[in-house]
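Input: structures, listed below.
Same chain, two partners: chain A is paired with chain B first, then with chain C.
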Partner chain A sequence: MTGFLSLFRRLEGPQTVGRGPGFWSLFALVLAVALAYPLFSDGYTVGNTVYFFVWVFIALSLCVIWGYGGSLSFGQTAFFGIAGYGYGVLTINFGSAYGFTLLALVIAVAIAALVAVLLGYFMFFGRIAGVFLGIVTLAVTLMLERFMAQTAGPEWHIGSARLNGFNGMSAMPPLTIPWPGEPIVLFADVGLYYLVLGLLVFVYLALRILMNSSFGNIIVAIRENPERAEMLGYDVRKYQLITFVIGAALAGLSGVLYTVWGQYITPSSMGMTAAALPLIWVAVGGRSDLTSTVIGTLVVLAAFQALTIYGSQYALVFMGVLLVLTVLIAPNGLVLGVMNWLGRIATRLTQRAG
Partner chain B sequence: MSLLELRKLNKHFGGLHVTNSVDLTLRAGEIHCLIGPNGAGKSTLFRLILGEHHPGSGDILFAGENITALKSFARIHRGLSVKFQVPGVFKGLSVRQNLEIALQSRHRGAELDAEIGRLLAFLGLESEQTQTAGNLSHGQKQWLEIGMAISLKPRLLLLDEPTAGMSPEETHMTGEMVQRLNADGMTVLAIEHDMAFVRQVAHRVTVLHLGQVFAQGSIDEIVADERVAAIYLGQAHA
Partner chain C sequence: MDIATHVFSALYQFGDAFAFLVLSACGLAVIFGMMGVINLAHGEFIMCGAYVTAATVHAGLPLPLGILAGTIVSALVGVVVELAVIRHLYDRPLDTIVATWGLSLIATQGTLIMVGSTMAGVGTPFGSFQVGDYSYSIYRIVLFCAALGVLAALYALFNWTRFGVLARATIQVPHMAAALGVDTRLIYSLTFACGAGLAGLAGGLYAPTMTLVPTMGATFIMEAFVTVVIGGADVFLGTAPAGGVLAVVKSVMTSWQGQLFGQIGLLVAVIIVVRVLPKGISGFVLRERT
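Showing the complex of A and B:
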């Protein structure tokens, strides 16, 4: 019981909005609704919800690197693409037997993290910061997009996996869990929904613990004043690199889940538009808070999709307007602004009641 | 015994010779003040000691070890600590969290809470602990940063204008605090323009002028030195 309580306490802290029984009751309620939701919905809608959830991981990656760490990475889509293609190449070559797809997921995320170690090492230990970090990371993702887009010829293959240029790679096997009798294949509906929901809850809670730990303290300290952080004896570059790699792994996870969901991955997933959209979700939500990022991403994604389907061709323009409005009205994020406002009202009410 | 030794330290910025063959020795346990007119190279000397700038030539020895090639954070681990000229606090975080970040590498759990409480009391910032550091007054920010610097329990504390922007009372209180820290065994090197503060705390004074050590001695010797008066004190008292 004490162990459980101390774990619970570590979920809360100055780096995350939302604490106390009120917040966690609401969290449990939302989770219960999310768990029951497939029972009241059809496979297509559930699959579409999985699509939304998949993007939350890349948004969280940006939240960690940019919102908490203060380094604006414009190229999270590079890791998204590397892991997505990685999963494709591995599973097309080695199939889905013996639970290999699950191993491929882990390997693909590890490859993205490894690339981040290399790129991050040169950036942070080369003291690249601020807008230059954004430029370098954007250049990397655009370069990867260009490179993959010209791999249409049959000479571009890894083993039996054709890279397929602009059309991208497709028909990789979905995630398959080995099971006595018949293996469980997680197609993009209920099965994948529960896996992705589970991963989402796990990642969200794990990041809450991490951000409220002494490590989280150090990375926000670096965001606030890197010189002071260094003069307290922290190797700033090392912490920036670790944060960058964690973010890259999350973006990679997003990429693998996206590939698994649609059974395809294309170069445009690393292009300019793809790279810019997560920035908008995170900025609109509230980049310096995990909960705001999750809510903001889901709301903006749903609105974007509704606009694209029912509305007009101007969904992207709307995204731009939304970003400008956020910067002007609530620079720290609209969702975070509303949550802080609700928090202040709650405090006032409790004080009055007390 | 010397704690810090600068040997023939040189630093150029292009054609500008900011630090010119500086030799300086700090004895363990002393309060040493560094004075000199603006542009004398005082802050650059601090940045050289801290490893933020690297010297063109010369050596920096700390407790007998050559630290010239060490990174800043590694120098902090050896026992250096600093309060900057412009208060370097974590403006977006609470006062309490500022101190927690400074203390967390040495203390954990209940011990950490106790240390934060002790430091808040020492700094007189108990009632401001939940405030965002950016909202503190200038003087309070200075105190908070001094608190963060001393929380590392350094062997040598570097203070760059610790009393800038403080009232005479606050300046005197800062002086007393520095003396208390010194009595506990901390060696202090302070850049300061406020001569009342220098007179209050300094065991020895070094005058820097145009990147060179111009004079050195007790405060009375420095004040009596007519050459110093001509370049610095004379202007200050004019």
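Showing the complex of A and C:
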């Protein structure tokens, strides 16, 4: 019991908004609704919700790197794409028997993390400053998109997997869990929903623990003042690199799940527009808090999809306006602002009651 | 004879790459060097210049006047953007990147909605000439001269005019310049307009050589960013030599393996250079390396 309580206590801390029984009972309520949701909905809507959840991982990756770590990376979609293509190449070559798809998921995420180690080494150990970091990561992403877009010819293949240039790869097997008798194939509806929801809750809680641990405090200290953190004896470059790799792995997870969800991945998922969207969700939500990022991402995604249905071409203009206005008016994010406001009201009410 | 044609071909490709890198980067470099602001909507200013140039040429103006119109319109748009957005974000450089990215999204998609997915281009003027077995476009030579001309004009502007002196004073110690009566906000506005105008000029100059689509800015920005990152904050000590070095990398890689590998070569060059010279070439020259 005490072990459980101490674990619970590590979920709260100065780096995350939301604490106490009130917050956690709300969390349990939302989780219960999310668990029961497929019972009241049809397969298509559930599949669409999975699509939303998939993007939350890349938003969380940007939240960790940019919001907590203070290094603005435009390259999250590069890791998204690398892992997505990695999963495609692996599963098309080796099939889905014996639960290999799950292994492919892990390998693909590991590849993305490895690329991040390489790139991050050059960037952070070169001590390049915030603005340049954004440019280098963006240049890498655009380069990767251009490279994948020209792989149309039959000479571009890895094993039996054709890269297919601008049209992208498709028809990779979905995630399959080996099961005695009949393996469980997770198509983009209820099965995948529970898997992705489980992963999401796990990643969210794990990141909460990580950000409130000493590691999280150190990377926030580096964000606030790198020189001071260095004077206190922390190797800034090492912590920034680790943060970057964690973010890349999360973006990679997002990429694999996206590939699994739609069974395709294209170079345009790494393009300029694709790279801008996670930035918008995170900026609008509130980049320096995990909960705000999750809520902001889901709300903006839903709004974007609704806009796309009613006026597809204006949706992106609206997103651009939203981003500019957020930066100008509420630099810490709209959702975070609202949550802090609600928190202040709650404390005032409890004080008055007491 | 054969060697001479090869040398000419190599020089021509170098000049072409140099002109592209310098012209696409100098607007970005002026804004970054003077204000520390990275303008992610840079490609869209280039697009704006190219579109205005094409529109005015279709309306019957000669090409040089069209390019001038493209430059001026981009500079005016730059003033508006500076007043509306950039001005409020000087103390938050990362937020400026994010905001200008938002502007870039708006501009790209807005152009797509208003003008359509493509615009009729402008023919490349001057024709071509023959050296050995290959024919070369004269306009590419004009572009190379234009790049040198832009560098010379910027040098003159920042060294020999009153605006240049005030602008350099403003970058060095903004508070001191303000205390001495310099309207630093006006200087920042003018500098941003200057950078935007240079982007428009690049767009106008390249309008006859490429297809005009709303996403055309993206073809420029990677090269522009790479040049500015390698060059560092100073236009003359940074952008020009970086353009030279990168043009060698790009033209060699391009003639060896094709255009894509030219770009990959640029990217590898930038990643290695940021590891070795974090403040770019101009930082190295100015011994700011820490």
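To be clear about the criterion, the second predicted complex is superposed on the first by the 352 of 354 C-alpha atoms of A that agree within 3 Å, B and C clash if a C-alpha of one lies under 4 Å from a C-alpha of the other, contacts with A are read in each partner's own complex, and residues count from 1 in each chain.
To be clear about the criterion, contacts are C-beta pairs under 8 Å (C-beta built on N, C-alpha and C of every residue); 3 or more make two chains touch, one makes a residue touch a chain.
Since the model is a prediction, treat every value here as computed from it, not as a measurement.
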Query raised in the report: After the match on chain A, would you call chain B and chain C a fit or a clash?
Result: fit
Query raised in the report: Does the superposition put A:Y234 against chain B (first), chain C (second), both, or neither?
Result: first
Report task. Pick one for A:N217: touches chain B only (first), chain C only (second), both, or neither. Result -> first
Query raised in the report: If you stack the two complexes on chain A, which partner ends up touching A:L175: first (chain B), second (chain C), both, or neither?
Result: neither
Report task. Go through the superposed model and pick first if A:A276 touches only chain B, second if only chain C, both, or neither. Result -> second
Report summary line: Counting residues of chain A touched by each of chain B and chain C, the higher count belongs to C
Requested in this report: Considering only touches as defined above, state whether A:L328 meets chain B (first), chain C (second), both or neither.
Outcome: second
Query - Superposed model, angle subtended at chain A by chain C and chain B (C-alpha, nearest 10 degrees) - result: 70
**Report entry** First, second, both or neither for A:F125, with chain B first and chain C second
**Finding:** second
Query raised in the report: Once the shared chain is lined up, is A:I58 touching chain B (first), chain C (second), both, or neither of them?
Result: neither
Report task. Could you look at A:L316 and tell me whether it touches chain B, chain C, both or neither (first, second, both, neither)? Result -> second
Query raised in the report: Closest Cα approach between chain B and chain C after superposing, in Å?
Result: 6
**Report entry** Interface residues, chain A side, partner chain B - complex
**Finding:** 14, 214, 217-218, 220-221, 223-225, 227-236
Requested in this report: Using the touch definition up top, name the residues of chain C that touch chain A in the complex.
Outcome: 32, 36, 38, 85, 88-89, 92-95, 97-99, 101-106, 108-110, 112-113, 215, 218, 221-222, 225-226, 228-229, 260, 263-264, 267, 270-272, 274-276, 278
Query - Contact footprint of chain C on chain A as seen in their complex - result: 72, 119, 122-123, 125-132, 134-136, 138-140, 142-143, 146-147, 150, 272-273, 276, 279-280, 283, 313-314, 316-317, 319-324, 327-328, 331
Report summary line: Listed in rising order, the residues of chain B that touch chain A in the complex are 50, 52, 71-73, 76-77, 81-82, 84, 88-94, 97, 100-102, 104-105, 145, 148-149, 152
